[in-house]
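Each chain gets a letter, A, B, C and D, in the order it is written, and its residues are counted from 1.
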Amino acid sequence: MSSWHEFIFMGKHGAYVWSSYLVTFIVLLGLFIGFRIMLRGLKKQVIAEASLKQSEKPKARKLKVSKAEQAN
Amino acid sequence: MIMTLLRRELKVARRNWIGLAIPLLFFIIVVSLFPFAVSPDAPVLQQLAPGVIWVAALLSMLLSLEQFYRSDYQDGALEQLLLMSSPTMVAASKILAHWLLTGLPLVILSPLLGVLMQINHGVEHSTHTWVLMLSLVLGTPTLCLLGAVGMSLTLAASRNGLLVSILIIPLYVPVLIFGASTVTASLENMRYNGELAILGAFLLITLVFAPFASGRALKISVG
Amino acid sequence: MSQTSDIQFNGLYAHELTVSRSEQVLLEDAELHLAPSTITYLHGENGAGKTTLMRCLAGLLPADHGEVYWNKLPITHPESNYFQDLIFLAHSLSMKNELSIAENLSFYASLRTKVSLNKQQLQQQISSVLNELGIGGLEDRMFAELSAGQQHKVALARLMLEPAKIWILDEPFVNLDHKTRGWLSEKALAFKQQGGTVLFTSHHHIEELPIDQSVGVEHE
Amino acid sequence: MAKAWRWFHQLGSPKFLFQKTGQWLPWIWAATLILLVVGLYYSLWASPIEVRQGQKHSVRIMYIHVPSAALSMVAYIAMAIAAIVGLVWKMKVAFAVTRSIAPVGAAMTFLALFTGSVWGKPTWGTWWEWDARMTSELLLLFLYLGFIALHASFSDRSKADKASSILAIVGVINIPIIYFSVKWWNTLHQGYSITEKGALNPAFQTPLFIMLAAMYLLFIALVLMRLRAEIILRNQKSRWVAEWALGTSAKGDKS
């Protein structure tokens, strides 16, 4: 590379080279931002749900077994 | 065990014959569109024939998949089958039934399509029809096997109609390539043994893993 | 994992069973023993997970944690005979519309390795069971042609045609007429007398059927 | 050996994995950025241009095309391995890994296709050629999209995990078959390939290797980011997740 001019225009191929690099950058940055937003959103959701009253959380159920001699 | 399962599949399918006839009709109709779209000239059609017939066969196999799996899943028969026999067996019987009732009729109908697509144009005693049938005999079972895996995977999914096609079509490409090129080679008077052998190899490879994978997938769908 | 020798119970035994459905834990660390010669009534509000528990006990739904044993062997053990011993009647009737009643019933019977009846004997038995249920003579009708009540009876007929040691029945009494309820209760009691294990769910208490154990799926 | 096993088991714990990846990520990002800066300097400025095939400056596209193409394949294989681990050892975290690799792998595949196409235009005068590698890459993109579509079509996550894992495994068995078939088909019809490379001029090697390393690290970093989100998504109800959320928000957001 000999000059800034050549760096930018890449001898008529500038559009191809730069569009490749730009699209790659945009796609990867998009993933980065997307994942970051996803984690942030989840965190907000977890905080919101943690502040709910404990009793409102869905609870797992237990089995209650009773021998039924009185049956019928 | 597998005979019991297979007999049941065949019996159910026989009473549903219209559901089986529709994909076959589709096969014929799609192929008969090409002369209208491209040209009725025999040499042109002849050149297109292998690809067109193979693509149509592939699509009609895809179309017919649904009825072999969907209703058993919906009416709960599938879970009863999986309780009493091994998942691989259940999948194998379905695959076999699917091929016998869709793949085999396609093979039998293919000479008719060969005629429509002028496959024998310019040749007195041609073997092209036989080669076409042979390529379908070796290729369609592979399509059934791979289709079974895709269909079993999507049974419990909420969007299923076109989902199977998306999953399975990329996997169908090798069969399509070698199936169509077997016929093309024959049309160009070249040797086609190699292509047939590769179609056979694909069949063996899929035969090894597809019934098992499909069985596992059925089990997951039911669970 | 737990050794098979740990389990001393005959019949069906669920050990530390945790089951979830679509991310939600429905049951946690459940212990359940269904002994031979007992009838167990499983109850709980709608959506509590009765069906899920039954499907798990039937081996259709993998448990998140824990194990189900049948006669001291895990049900998935290669030597376990569980799936031959089990009849699981789910909410869906599992019958093909495209097959006749006799074809449907004899197909399921033929999947049982222990059936020793020949074809003719099986057909006779099917006829007699259908007679008891009040739908005699309909053997060759297509399943789709029957009324909902009749279809339900056909599904119940399986209990009499396939040899089993445990029945898991999801809502067997729903939409049944009085007479058939009596018939089913009677058959369940007879099955119990022969050492059979029964687990069933129901919205209402069934007067005709005396139970030995009731199991509720409840919040802690 | 025993230590390795314990490590494997610990990785199976979502909490452990989440904490560890949180510690690793800054270092991985730092290394990625350094390598990227050096790599970009070389690939955009300091490396020579290819005059031989009339490519001139467009050869610089190679420095992102080759790494993304390589990663698209490697990512699918990694996904299938994670799928096997998940299905065979019933390790739930492995399913989170498959789900995390899929979007990044699909993006890499897309980039390989896009840059390949843009590279093709100035060099061979066409945006698209049914060349063996490009075609395989296109089919690979369909496989990725199929995986993502299948996973998204279930309401029950554990079913989605298992079903899409089976698809990933079936896909990985088929990738070599697809590649071989497409290559055979390509030689039959065209007899040439635009991306077939001969011996690489050593002057191109240094920037290419640096960019390969940078893109691998970038890929790992992105997958780990997605994985951390996926772990939280799947463990929302665990106490440690609530503690993490409340803890880090109190300290100010540093994650």
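Keep in mind that, in the parts below, a residue touches a chain if its C-beta (ideal position, glycine included) is under 8 Å from a C-beta of that chain, and two chains touch if they have at least 3 such contacts.
Bear in mind the structure is a predicted one, so any value in this text is a computation, not a measurement.
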item	value
Centroid-based (C-alpha) most distant chain relative to chain D	C
Interface with more contacting C-beta pairs, comparing B-C to A-D	A-D
Between chain B and chain C, centroid-to-centroid distance (C-alpha), Å	38
Rounded Å distance between chain A and chain B, as computed from the means of their C-alpha atoms	39
Euclidean distance of C-alpha centroids - chain A vs chain D, Å	16
Approximate Å spacing (C-alpha centroids) for the pair chain C, chain D	48
For chain A, residues that touch 2 or more chains besides their own	none
Per-residue overlap in chain D, given as positions that touch at least 2 other chains	155-156
All touching chain pairs, where touch follows the definition stated at the start	A-C, A-D, B-C, B-D, C-D
Complex contact set, residues of chain A against chain D	1, 7, 10-14, 16-17, 19-21, 23-24, 27-28, 31-32, 35-36, 38-39, 42-43, 45-47, 49-50, 57
Residue ranges of chain B touching chain D (in the complex, touch as defined)	146, 149-150, 153-154, 156-160, 163, 166-167, 169-171, 173-174, 177-178, 181, 202, 205, 209-210, 213, 216-217, 220-221, 223
Of all residues in chain D, those that touch chain B in their complex	139, 142-143, 145-146, 149-150, 153-156, 159, 162-164, 166-167, 169-171, 173-174, 177-178, 180-182, 184-185, 188
Chain C to chain B touching residues, read off their complex	55, 58-62, 83-84, 86, 88, 90-99, 103, 107-108, 110-112, 142
Interface residues, chain C side, partner chain A - complex	18, 24-33, 41, 44, 48-49, 53, 207, 209-220
